[in-house]
Each structure stands twice: as structure tokens, then as C-alpha cells.
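Below: a set of structures, written as C-alpha cells.
Both complexes below contain subunit A, partnered by subunit B and then by subunit C.
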Partner chain A sequence: MQKRMIVALALLYVVVPVLLNGNNYILSLLVSSLIVAGMAVSWALLGNLGGMVSFGHAAFFGIGGYASALLVTKLGLPVMVAIPAGGVAAVLASVFMLPALRLSGPYFALAILAYAHIFKILATEFSSLTGGSAGLSSIPGLPDIFGFNLSSRLGAYFVVVSLVLVFCWVYGRIRRSDYGTALRAMHDSEDATRVVGVNSLMLKSWMLFVSAFMGGLIGAFNAHVINFLEPDYAFNSAWSVLPIVAAIFGGYRTVYGPAIGAVVIYLVDQLVFKEIMSTGHQLILGAVLAGMILFAPDGLMRLFKRKPREARNAHA
Partner chain B sequence: MQELLLQALYSGVLVGGIYALIGLGLALAFGTMRVINLAHGELVLLAAYVAYTMESAYGLNPLLSLPVAAIVTAAASATVYFLVSRIRRNRELNSLMLTFALGVILTNGILLIWKSDIRSTSTSFMQDAVQFGSVYSMNSELGAFVVSVFVAIALWYWLSRSWYGRAVRAVSSNRDAAKLMGINPAKVEVVSFLVAGLLAAVAGTAIYSSGVISPPLGHALTVKAFIITVLAGVGSVPGVLLAALLLGVAEALTVTFFSSALQELSGMVLFLVVLFVLPNGLFGGQKRRG
Partner chain C sequence: MLTLENVTVRFGGLTAVKDVSFSMGTDQVLGLVGPNGAGKTTLFNAISGLVRPGGGRVMFNGVDLTRKPLHARAHHGLGRTFQIPQPMHELTVRENLLVAQRFGAGKVDHKRLDEIMDFMDLTDQADRNAATELALQELKRLEVAKAMATEPRMLLLDEVLAGLETNGKRHFTARLQDMHKRFKIGILIIEHDIETVSSLCHRVVVLNFGEILADGTPDAVFRDPEVVRSYTGGGEDA
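Up next, the complex of A and B:
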């Protein structure tokens, strides 16, 4: 496991940059796919650990982006301070969502969707602050650090790949901790878990906050990479749909599944599906999601893992 | 001012009739199978596009395309049922994501076939104005409302009087007890999805006759249908009808007195307030969701 980890890190931090340096198109696709990966980890954390399926993660993405962009352009905060502040803003927004934690299943999913709509409408209507539907343009990019230009494609790649890895690490840590055990127990019976003294509402709130922070952080990072925001883009339902497809595709019960699923799905979508049909290529994403839920609800990572074990059993 | 208010109330009630049909379809399928069909609004939109095709290609009055639309949406609704019934594990969450995916497929399929242009009926009779006192509407809006009320009454009659209607209610209230009484739940579930498809066909044809359609509308209709079932609480036909009228009026008032950009906001806010303050819905009984 340790060895595999080192290989993966070497691949991500050395091989990929060396191979792709200069190929800006592929690099920017990779950065976008890793942004989706960050959203997928954020979604999976809430969906798997918290047991709450959200249809409105675009809310966190959009709020993080807007908060960070406004802090930089209106208050002159440094970009590297504003990006985490975007995450904090998403957490503050998620405080308004706390009543939704009482709900379960479809009621929670659609309550979050309602919040995403409401935030989108607010971003459109508060045009004095947000620029309305015209949006915010010329948002400053990432700064230079130690002479290395983070706003280059390669710089953005290093930042986002580190963010996604940290997200996965946090996700894994929470899952292995006592909180993770309690959250897993809550899936089987929330009432029984409460009886043994677990404050389930508190735990769910924390999962919502962590998930919101991740979503906001990634949204803020994205705003400084593309230097432009408008409500239709920042709160686009694609930011809610893609992470779900990615997480289900990769296996949202695993730690790295959502991130890997996101990179695969996004790159295949952009490089293959979009070439085949320029409009409506989300159709294939929908088909992938439906197919995964019907035939492999545990995701592709599980399929790969199961195969060797079955082969071994066959020999024995 | 007073005239504006009256007009807003009138328009809201008329559109609420159509919303009621969509909400009833969603509530029916939810009742028997405990599945929120997040592709239901897309089914309604599919019916609307069938009406558009029949009108633009064969010059048919939208009303005459209803049989074709009914066959298409009933078949699509049955397909949704068969796919959902294949889910074995964790049905509540997985069916939610499956029907969500089916909605994405339908929306993009519609986008591919009919393009993203906004369509509306070209039959002039539909758009002619009809006046009652100081309030106006189009012929089609009034007609759609009347038809919706009749269909809702027919549905209520079917649910309370016919054998299958009673079976649907029996399965909704207690699946195991219904089985013991010799009801095959799978068959009843198919029937409830077929009827939901028929309701969607009527609603879709009505929407096409009285308004404009475009691919993103399906998702918006799904959300409205869900809001209605939440407002209504545990499903009864009159409850859904009242909740739909309430949503229609709330939207119309928002558009008239604030801005049309806020139309969806009113429904969302109503939805959240009812969810948090009255978790059983406005007309709900004992059951709690949560």
C-alpha cells in the first residue's frame, strides 16, 4: 500500500507534469477534471459518511467562487487568503441549511437543490455586489510563490492536485476515526446509534460543514483559474450532477473512487462524447449514472477489486 | 391595484390546475412504490413535445395529439418503473439517483431531437382571449384548467371507487396487508406508473397549448411537482389540488408584484418553510418524514 502510494504521488507530481508540460489544452482539461474531482470528494463525504444525498452541491461551489472573487476585487485581499475564505463562506451558507438535516432521503436532496436555486437567484438579483447576470470579469489569477507562477496551467495543476489529495486524506482520516465508525453505525440504525450516546445531529452537521468547506474551496480556486464568474455558470447544475456521476462511477464508498471517477468521466466526456455530439452530451452522463446504479452500484473501483479475489478463489 | 391582484389570483389558479395534474402523477407513483420519480416533469415535457411535433408536422390541434402523447408518456413511465424495480439494495437513495439520471437522459434527448429553441402553439384559437368581468386569460389556459379539474375528479373517483384504484390505495397504506388480501403489488405499481404517465400526457398537452416549452422546463416541472407533494403532505387528491393552486397563486403573485425572475424563488421558499415549520405538510395526516 505504501509503495503504491509513492508510485501514485510520483506519477501525479513528476510524470504527468513532465509529460504534459507545454500541452496546455490537455493540462487545462486535467485541471478542470480535478476541480470536478474535488467536488466529487466533497459530495461523497456527505453522501457516504453523512448518508445524505445532495442535489445542490453547486450551491457551495458558487458561493465559494463568488465570495473569494468579491473579497479580492472589492476588499483587495490576497488571492491565497481569499480562497480559504471562500470555503469559510460556503460553511457560513451551510449554516442556513442546518434545518434540512432533520430531513432524510429525497427531502434532504431536494431541500439542498432548493437552496442552490435560491443562492443562484440571490447572486443574480444582488447585481450591485455581484454584477448580476452579466457576472464578474477579470478576477485576479493565482499569484507567484517563490518565483513559481501558479497562474500558469502547470501551477494550477499542482495546486488543484494537492487540494484533491488533501481532501481525500481528510476524507480517509474522518472515515477511520471514531466519528467515521459512529457515522457508519448511523447508516444501519440512526435511532440505535443515538441510544448509545452518539449525537447524530452534531455529527451530520460536521459532515455538512466539511463538505461545504471543500466545495467552497474548490469553487474559489476555480474562480481564480478561469478569472470569470456569472450566476448561470457558478451555480450551474452541472456542478451538482457531474460530482454525483463521478462519485457513483468511481464508487462513493471508497476514498479515492470519487476523485478517480471524476477524472475519468470528465476527460472521456470532453475528449470523446463532446466530439461525437456537441449538444446534449450530458445524455451519456445520465446513461452512465443510470447504468452504474442498475448494474454496479458500488462503482468501478469495486469491480476491479473484486476480480482478483474471485480469480484466486477459483484456483483454490 | 385591485385589478392586478384579481388577475394574478385568477392566472395563478388556472396554472395551478395543470400543476395539480403533475403533482398527482408524482404522488401516485410515490404512494405505491415509495419512489420519488425525478423524471416526472421530463415525462410531462415529452408529452408537450409530442403535441408540438403533431402540430408542426401534421397540423393537428394539440388536443387531438393527446392519444399519441398518452401512449408515449405511459410507455416512458412504465419504462421508468421497470428500471426502478430492478434496484434491490438501498432503494430509497438509489431510485432517487436513477430517476434523476433518467431525467437528465430525457432532457438531453429532447434537446437533441427538438433543439433548444422555445416552442409554442400556432393554433390561434388557443391564444384568443376570454374575459370574465375584469380578468382575462387565453382560451387554452381556461380550457386547461377545466380539463385538469375534470381529470383530477376522475382520478379521485377512480381511486375511491374502482377495484384498481382501491388496490393502489391499499398498497400505498400497507403493502403487506394488501398482499394478504390477494393484491399483486407489482401489478398495482405498474398501473400507478401508467396512470401517472396518462396524467403527464394531459398536463404536457395543456402546457404546450397554453404556454411556451423548452428543454430545461422538464426539470423545473419536476421540482414544482415535488414542492406540491411536500406542501400537500401525505397524498390525498384534494390536498394535492389545493397545494398546486397555492403554488400557482404564489408564483403569479410574485411575478405580478415583484419580478418574473423571482418566480421560482417563491416556490422554493414556500417549500423550505413548509418543510421546516410543518413537516407533515399543510394538509398532512400523522406520518412524519424526516
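Up next, the complex of A and C:
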């Protein structure tokens, strides 16, 4: 496991940068795919551990982006301080979603969708602060650190890949903890867990806060990469749907599945399907996802993990 | 000491439990009996926090639990089982007990978990998936083991013997008696089998149409003509 981890880190921090340095197009795609990956991990944490299917993660993404951009442009905060503050802003916004935690299944999903829409309306209506539907432009980019330009494609890649890895690590730590075990237990038997002393509402609230923080952080990072925000983009439902697609494709019940699913699906879509079908390439993506759900519902990661056992069984 | 003061539970226009009052100590095993629909499980739900009483109070060791949520009652020493076993899905038997101990008793003590599994004959099933790989009798034992892992002072057992054949029932009854004596846990048990109640319980409370019909020793209660009538739905000799 440790060996595999070292290889993966070497690949992400040495091989990929060396191979792609100078190839801004591919690096841009990779950064975008990793932004989706961050959102996918954030979504999977709430969906898998918290047992809550969210259709409103765009709210955290948008709030994080706007909060960070405003803190930098209006209050003059350093970008690297404003980005985590964007995560905190998303957590504060998620406090308003707490009443929805008493709901379950489709009711929760719909309530969260409605909340996300409210924040989009707020961003549009508070035009004196947010620039309204015209949005915010000239958002400062990532700074230089120790002479290394983080606002370059390569710099942004290093930042976002680090964020996604930290998200996966946090997700894994929570999942392996007693809290993670209790959260898994709550999925189909909430009363059974509450009756033995598990404060299910508190655990779900924490998952919502952690998930919101991750979503807000990624949204804030994205705002300083693209240097522009407007409500239709920042709160676009794509920021809710793409992470779900990616997490399901990669295997939302695994720690690395959502992130790997996001990178694979985004890059394959942009580099392969788009070449085959420049308009409507999402149709092929949809068909691939449908096939995945039908034939490998546990996702890409489980598909690879199952192989050795199947092979052993075949030999037995 | 568990004390119910005028506990009333209503579902819309239906009063499922009406003005029920009684007290029991942790040194007792009390049988809660009554015909189907008498309000026994609803009363259990009110005590354990699954439903909020429309009136009255639930006190345990001097603490008013009436408005406390389900999980908080476990922290105060009230454990319960469900009529239909509710193992925690996706978890093994050991993990089920671990969650119960960690969150109910507020500590993790693997030695104690092994003791509980040994006591409830679950050691061989420790690594099995609780939801998919246990037989009914094992699931029933897991229900009690989970509740025990929370280190309760009082256990509410909802028809934990239902569905077991005669030998299994006797075995389980002996185990509950042993648990009561060894761990000094008070037991409030819903049970239909009069023979089991008579052999296990010090005291019996009979509910009928949500109200207390009789309260006393098993011998006295099961000879009460009103109780016999409520069970048979007719005369004493029916």
C-alpha cells in the first residue's frame, strides 16, 4: 500500500509535471478535471458517509468562489488566506441547510437543490456587492510562492492536485474512524444506531460541514484560476451534476474512486468523445455512464479490485 | 429507577397509551403484557424516545428524559431492542457492538466486547455481516448484545423471544436471568408467552387499550379475571 502510494505521488508530482510542462492545453484540462475531482470527493463524503444525496453542491462551489473573490477584491485579503475563508463561508452557508438533514432520500435531495437555487438568486440580486448577473471580473490569480508562479498552469496543477489528495486523505481518515463506522451503519438502520447512543443528526451535520468546506475551497480556488465569476457559471447545476457522475463512475463508496472517476471521465470526454463528436459529445458520455451503472454499479475502482478475486475463483 | 408518570401517546384522534404510571427498579424484571394493539410497543417507544409522549413524564434515576432524544437516553443508561431485529447494515457483528459501545458507553473496551459476545454466544459470528449472514436466533442475541454494549442500567426488550422454538426460548430466558443477576441490569420485557413471563419476571403490568389493567406478581396477575377476559375477549372460562 505504502509502495503504491509512493508511486502515485511520484507520478502526480514528478512524472505528470515533467511530461506536461509547456503543454498548457492538457494542463488546463487536467486542472479542470481535478476541480471536478475535488467536488466529487466533497459530494461522495456527504453521499457515501453521510448517506445524503446532494443535488446542491453547486451552492458550496459558488459561495466559496464569491466569498474568496470578494474578500480579496473588497477587503484586500491575500489570496491564500481568502481561499480557505471561501471554504469557511460555504460552511456558514451550510448552517442554513441543517433543517434539511431531518429529511431523507428524495426529500433531502430536493431541499438541497432549492437551497442552492436560493444562493444563486442572492448572488444575482445583491448586485452592489456581487456585480449581479454581470459578475466579478479581474479576480486576482494565485500568488508566487518562493519564486514559483502558482497562477501558471503548472502552479495551479500543483495546488489543485494537493487539495484533492488532502480531501481524499481526510475522507479516508473519517471513513476508517469510529465515526465513519457509525455513519456507514446509519445508512439503512438509523434508528438502530440512534438507540445505541449515536447522535445521528450531529454526525450528519459534521459531514455536511466538511463536505461544504471542501466544495467551498475548490470553488474559491477555481475563482482565482479563471479570474472571473458570474452567478450562472458559479452556481451552475453542472457543479452539482458532474461530481455525481464522476463519483458514480469512479465508485463513490471508495476513497479514491470519485477523484479518479472525475479525472478519467473529464479527460476522456474532452480528448476522445469531443474529437469524435464535437457537438453533443455528452451523449456518448451519458451512454458510457449508463453502461457503467448497468454492468459495474460499484464503479471503476471496484471493477479493478474485483479482478484478482475473480481470477482466483477461476483458478480454484 | 424508571418512573412513568401519566404517560399518554396519541396518534391523531387515537389514544394508543393513556395515563400510564408505574415505577420499577433496576433490581427488577418486569413483564409488560397485553393483547395485540394494547399499546405495549408504543409505550416502549415513548420510554426509549422513538415517539414523544403527548402528556406525562418519563424519569430515569431522577432525570426527566421526556424531551431527551433517542441517543441521549442510551447515555443515561436506557438500552432497548426491537421486535424485528435491526442490525446495523454493512457492519459485522463485532462492528455492531463496537459502535454501540463507543457511542453508548463512550469508550472502547475490546475485552468487554469479547465478554459480551461470549455471553451471548456470538463469538463464532464476530466477523460475519450482521444484516445478511445471521439466523433469526443469532439476530435476536445480537439485539441484546448491542444493548448490553452500551452498558445500560435498564434494558427494554421488545418481544425478544418471539419466533424462537421452545428450547431456544428456554435457553434465552435463562440467559436473560443470568444477565440480570450478573450485570445487575433491570429488565422491562414485552412478552406474550405466559409461561416465560411467569418464570422470568418478578412483576407483571398488563396493558389493555392503552391503559393499565393489572399490576402485580405473575401469579396474581394471570389469575385476575379481568386479565383473563382481556386476553380471551370473553368470559373467565372462555
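The criterion applied here is as follows: the second predicted complex is superposed on the first by the 298 of 316 C-alpha atoms of A that agree within 3 Å, B and C clash if a C-alpha of one lies under 4 Å from a C-alpha of the other, contacts with A are read in each partner's own complex, and residues count from 1 in each chain.
What we mean here is this: a residue touches a chain if its C-beta (ideal position, glycine included) is under 8 Å from a C-beta of that chain, and two chains touch if they have at least 3 such contacts.
None of the values given here were measured: they were computed from a predicted structure.
Asker: Would you sort A:His117 into first (subunit B), second (subunit C), both or neither based on which partner it touches?
Answerer: first
Asker: Between subunit B (first) and subunit C (second), which does A:Asp188 come into contact with in this model arrangement: first, second, both, or neither?
Answerer: The second partner, subunit C, only.
Asker: In the superposed arrangement, does A:Pro297 touch subunit B (first), subunit C (second), both or neither?
Answerer: A:Pro297: touches subunit B, not subunit C.
Asker: According to the stated criteria, A:Leu285 is in contact with first (subunit B), second (subunit C), both, or neither; which is it?
Answerer: Touch status of A:Leu285: first partner only.
Asker: Between subunit B and subunit C, whom does A:Asn199 touch in the aligned arrangement: first, second, both, or neither?
Answerer: second
Asker: I'd like to know which partner A:Glu275 touches here: subunit B for first, subunit C for second, both or neither.
Answerer: It touches nothing on subunit B or subunit C.
Asker: In the superposed arrangement, does subunit B or subunit C reach more residues of subunit A?
Answerer: Subunit A has more residues touched by B than by the other partner.
Asker: Hey, what residues of subunit A end up touching subunit B and subunit C alike?
Answerer: The overlap between the subunit B and subunit C interfaces on subunit A is empty, containing no residue.
Asker: Under the touch definition given earlier, write down the residues of subunit C that touch subunit A in their complex.
Answerer: By the definition above, subunit C touches subunit A via 48, 50, 69-72, 74-75, 79-80, 82, 86-91, 95-96, 98-100, 102-106, 108, 131, 146-147, 149-150.
Asker: Under the stated contact criterion, what part of subunit A meets subunit B in this complex?
Answerer: 53, 55, 99-100, 102-107, 109-111, 113-115, 117-118, 121, 124-125, 237, 241, 244-245, 248, 277, 279-283, 285-287, 289-290, 293-294, 297
Asker: Note which residues of subunit B are touching subunit A in the complex, please.
Answerer: Residues 36, 83, 86-87, 89-90, 92-94, 96-98, 100-105, 107-109, 111-112, 116, 219, 223, 226, 230, 261-262, 264-265, 268-269, 271-272, 275-276, 279, 289-290 of subunit B touch subunit A in their complex.
Asker: Under the touch definition given earlier, write down the residues of subunit A that touch subunit C in their complex.
Answerer: Per the touch definition, subunit A meets subunit C at residues 178, 181-182, 184-189, 191-201.
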